[in-house]
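Chain nomenclature is as follows: A, B, C and D, assigned in order of appearance, with residue numbering initiated at 1 for each chain independently.
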Amino acid sequence: MSINVGVIGVGMIGQDHVRRLTHVLSGARVAAVTDVDLDRARAVARDLPGAVLHPTGAALVADPGVDAVVVTSWGPTHEEYVLACVAAGKQVFCEKPLAPTRVACERIVDAETAAGRRLVMVGFMRRYDAQYRAMKEIVAGGGIGLPLLMHAAHRNPSVPDFFTSDMIINDSAVHDIDVARWMFDEEVAAVTVLKPRTSRKAKAGFHDPLLVLLETVSGVLVDVEASVNAGFAYDIRGEVVCEDGTVALSESAGAVVKRAGTYSGRVPADWQERFVRAFDAELQCWVDAVAADRSTGPSAWDGYAATVVCETGLAALRSGAREPVVLRERPDLYGSAA
Amino acid sequence: MSINVGVIGVGMIGQDHVRRLTHVLSGARVAAVTDVDLDRARAVARDLPGAVLHPTGAALVADPGVDAVVVTSWGPTHEEYVLACVAAGKQVFCEKPLAPTRVACERIVDAETAAGRRLVMVGFMRRYDAQYRAMKEIVAGGGIGLPLLMHAAHRNPSVPDFFTSDMIINDSAVHDIDVARWMFDEEVAAVTVLKPRTSRKAKAGFHDPLLVLLETVSGVLVDVEASVNAGFAYDIRGEVVCEDGTVALSESAGAVVKRAGTYSGRVPADWQERFVRAFDAELQCWVDAVAADRSTGPSAWDGYAATVVCETGLAALRSGAREPVVLRERPDLYGSAA
Amino acid sequence: MSINVGVIGVGMIGQDHVRRLTHVLSGARVAAVTDVDLDRARAVARDLPGAVLHPTGAALVADPGVDAVVVTSWGPTHEEYVLACVAAGKQVFCEKPLAPTRVACERIVDAETAAGRRLVMVGFMRRYDAQYRAMKEIVAGGGIGLPLLMHAAHRNPSVPDFFTSDMIINDSAVHDIDVARWMFDEEVAAVTVLKPRTSRKAKAGFHDPLLVLLETVSGVLVDVEASVNAGFAYDIRGEVVCEDGTVALSESAGAVVKRAGTYSGRVPADWQERFVRAFDAELQCWVDAVAADRSTGPSAWDGYAATVVCETGLAALRSGAREPVVLRERPDLYGSAA
Amino acid sequence: MSINVGVIGVGMIGQDHVRRLTHVLSGARVAAVTDVDLDRARAVARDLPGAVLHPTGAALVADPGVDAVVVTSWGPTHEEYVLACVAAGKQVFCEKPLAPTRVACERIVDAETAAGRRLVMVGFMRRYDAQYRAMKEIVAGGGIGLPLLMHAAHRNPSVPDFFTSDMIINDSAVHDIDVARWMFDEEVAAVTVLKPRTSRKAKAGFHDPLLVLLETVSGVLVDVEASVNAGFAYDIRGEVVCEDGTVALSESAGAVVKRAGTYSGRVPADWQERFVRAFDAELQCWVDAVAADRSTGPSAWDGYAATVVCETGLAALRSGAREPVVLRERPDLYGSAA
């Protein structure tokens, strides 16, 4: 009864999802893997009893023994594999970004719309985090009035050498962009990016931290402090300010130590520690939906909109001005809310 | 490759473990069930593809299609099923109590010792809670000196009608008794039970709350406020006081709301909300150990010691005096620490 | 040995300072009062043994029985009374604003500079709040690196009918403007004001809340959520983000109640509750300085700079653009830091 | 209009009250001082313009220039000075203990009762702490039901060499004893003292920490962890458990720093830092009452009852048993509540 999942791309996040599907979640097994580095894929397959090694993503998607696909390859290759899944009528879980460009995302949205059913889920895992869900529930419940502002901070302790300046928006702030769309069930209408004093720890040529300002269609203003050299921890903050009150993410629970004149608690060390439960819940949700032949989760439209807001954010970073976000019309397939 | 698990007793906690094994955890399936109420067992089996219904626990244990057994039946029946598993050389996860009497526990310890290998794990799930684990790590790390006291509170919002007065110790405080043994790696040497003013919500004849005082062999004093009509929430508190500092469980993380002059956060509603992750981790740990033919977790000795401390606690409740805890000698099978 | 203080203006804040000087602080007595409403002044004087009623501020300043003056009259009248004090060589504590216009403030700075000594202290009481002082000490200590951003929120539960739209900046955000200058020991270089969705509770024609963005000379970016209809409480937030860590104001300490599924603490009801200790400390500090013939506290320059930033903020609110802050050269009398 | 206060005993706490009366509070001046060490008294008097040096406490009390007296001499001398004040009809603020023995306290109670009016206030300053007051208000409000238990901890970082073993109860836990009587408006009926494992930092012969158990007349059980070598900070904890909820002292507010993987806040370093505001409020309250010819604050009866509970606690420490507290009948002068 288990879903047979094929995994395309077994780098760090791909291997983490393989581990999750194999050792943590219920109802799925990894039946096939591939990677641009076939030796790496072979090594991963060796530890997975019964898993098939495929030479290409296309071959994996075509494998009749693969019920559904997880795409965790390099961003620019997502489009090809997602389109292949849509063509094959197989459900696909694609790590963010859906695709790195607006036009690539549009081709996926077009293909899925033509197929007439949702097959694509994008990996915006914060929607599965218990704290963010509690916030959304409280905001949506209306007990503290309509939302007016949101304050957010995304603080990475550090980033690897391959991390480029654009990735502060495309890779870090993109999560807050998706949170804003999801929290308020509406699109982002404009983006401004401000450059505070740069940290001495920023790489040459980086503006780090940034303050990214998002305006939603109804006028909710979201400020996101995005920093990728915060150093001290992986610190994710959020507070929604409504007409009659506010709701904020709390500090992480855990043991509180009193020693040497202070009380102190832990701030997560990295995104795995902070969001491990959200990743588990996200992928379990997808497995359950695949098993039930339903669609679920952030859609291709969500992936498209996030990519467009990121593109607009990069334009705003360069222009120094407020840049309007221009989206195509939303196909009926994706309903009416964000 | 999945472990085939047989479940004896499918009441509330049994059904919860069936759900966990089937829909949450990885590496196990429920292959057989039974219950004193066969209709209930039949209804549960009906939803489990391929699961066999057995007329008795003995038949279930004997089933060659059952690799390992979960015992979630009524406490007084635990001994019979655990002994059958030990006799059959099958690993068994037994919900607490291991058995309700000292002598029943001793028979299990004797049987397991005779078998020469650990087959029994007892369901003290707090040992798998992230916060308790962080506390123990900090205490064991020695950075705040040797432990001197522990303050604990176990506040149940309410209890069902069948809950008896003795269960405040046997069913609620037993968790704190196990935590004390595990946290400090030593046995409890004496118990005193004090009776504060009784809540108006206590059932007739109940002393509720109680203050249970445990002394460990090395002199650590543990005070446990045990209340089963706290009403407002399921509130579990703990603070270990050491020579150079303290470590405490934090309040639950979650969304913090500001409204109407206050900030506020949630206290868990019940034990499922508070400990769901610990139950998941506990049973996954057992499944992994069974698959690897290893033993793990709280042992039959831990179950025995907890039952003896509870018995002593009930004696102390009746006598009003400090009662020493008398344990038999610890078999080598169980190592030297608590 | 007590300082004889004359108070000009005995409305709400003036009466509060009279009470403070008379019943809370040490080393001062109110020796003279006046007010534009002489009946009100007479009523206040009646309760102050030995206090003289003066028909005008000028007469009060000229009274040889008055050692030093507190100006708590209507903002537009501050200039006249402060200049009179400077001319008379008497120390003066002037509630903010020093004066409502740039030119009026310049005349005070000119007069004081000509006098060759500091006689004016401006009532920016947050500099005397224990939490803000602890923040500044940590930032200045350098242990968490150089400051990069500051996030702030100034949430008034509500405001009286006479409160005008400009006062969100002139009366509320002005405190955060002074905090920014003081926290980072440098001037504000530019202001931008953004308009989030307006609260249903805002008066007609108000943009409320606002997001006020301040850039300091060195590039620290300060975002201030300024809201005067927050409703739920008087909520003052602040977090300074530095290169190696952050420092934030904590929630108010007090009793924490657990009831009905939540834990909760109090958020202050109004500015008196939040800052009563800061007002006490501020005025005691002034009394002590007067007694010792020293000057202390926020200077006329600080009052001037805050007024200029507010004026620039109002221009930015109207233009929708980033507006540079233009200050005259800083006289030596005021040292080199903000 | 200032009250002229005479201070008997100008050691550490006496000098602190002199400073408070002179530089912090309103409405009083120190008009006379004395001390067993006259050179010390002379040095203190030298800094107080117009203050008279008296050779003895008796002379100070008799001085017609002294309106009211603060007794901050060595505990065993309190009785003499307090009785002299009562005889002279002068109000007296006496630091705790009122007197170190039951019989000495009784003589004071008898004298005051004979005088027919309250003249004595005892320095239990926690009753003036904002957090404790908020707790009492919530408990007394009844919104969380009747009180059942209280958990408290009194952790001194360290104590001076002259600190004796008995002082853990007489000098530290005495504050919690007074809090218990005041919080629940009733007397303590019995005391038990338990000895956890002793800290390596305890002086030879000390049992430190202790767990002091107080039972009130209505059955509220109060457990007090009393430690005088906690090392890490001055940490005062308290939680009242009621039928429908709990109320606890929060951690101290202040700046919260995030750095190196943790968030942390300050725990007070010593009793001055923790209770400075309470001392100010307490003594201002007394000054105001003296000025108004009213009595206020903890009474001689409160001082007597605290001393009797401490005596009983020392007996319980020695006996290892529960010891009943025996109080004489309460004179009408002291009303009916604790």
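Going forward, a residue touches a chain if its C-beta (ideal position, glycine included) is under 8 Å from a C-beta of that chain, and two chains touch if they have at least 3 such contacts.
Remember, predicted model here, so these are calculated numbers, not experimental data.
Chemist: Within the chain touch network, how many edges lie on the shortest path between subunit A and subunit C?
Modeler: 1
Chemist: By mean C-alpha position, what chain is farthest away from subunit C?
Modeler: When every chain centre is compared against subunit C, the largest gap points to B.
Chemist: So what's the Cα centroid distance for subunit B and subunit C, whole Å?
Modeler: Distance between chain centres, rounded to whole Å: 58 Å.
Chemist: Could you put a whole-Å number on the gap between the CA centroids of subunit A and subunit B?
Modeler: 38
Chemist: Give me the residues of subunit C that touch two or more other chains.
Modeler: Those would be 144, 232, 235, 244-246, 251, 258-260, 265-266.
Chemist: Show me the residue ranges of subunit B that touch subunit A in the complex, using the header's touch definition.
Modeler: 1, 22-27, 49, 130-131, 134-135, 138, 143-144, 244-260, 265-266, 277, 284
Chemist: Looking at the complex, which residues from subunit D come into contact with subunit A?
Modeler: 232-233, 235, 251, 258-267, 269
Chemist: Which bits of subunit A are touching subunit C when the two form their complex?
Modeler: Per the stated touch rule, the residues are 144-149, 151, 153, 194-201, 209, 211, 213, 218-221, 223, 225, 227, 229, 231-232, 235, 241, 243-246.
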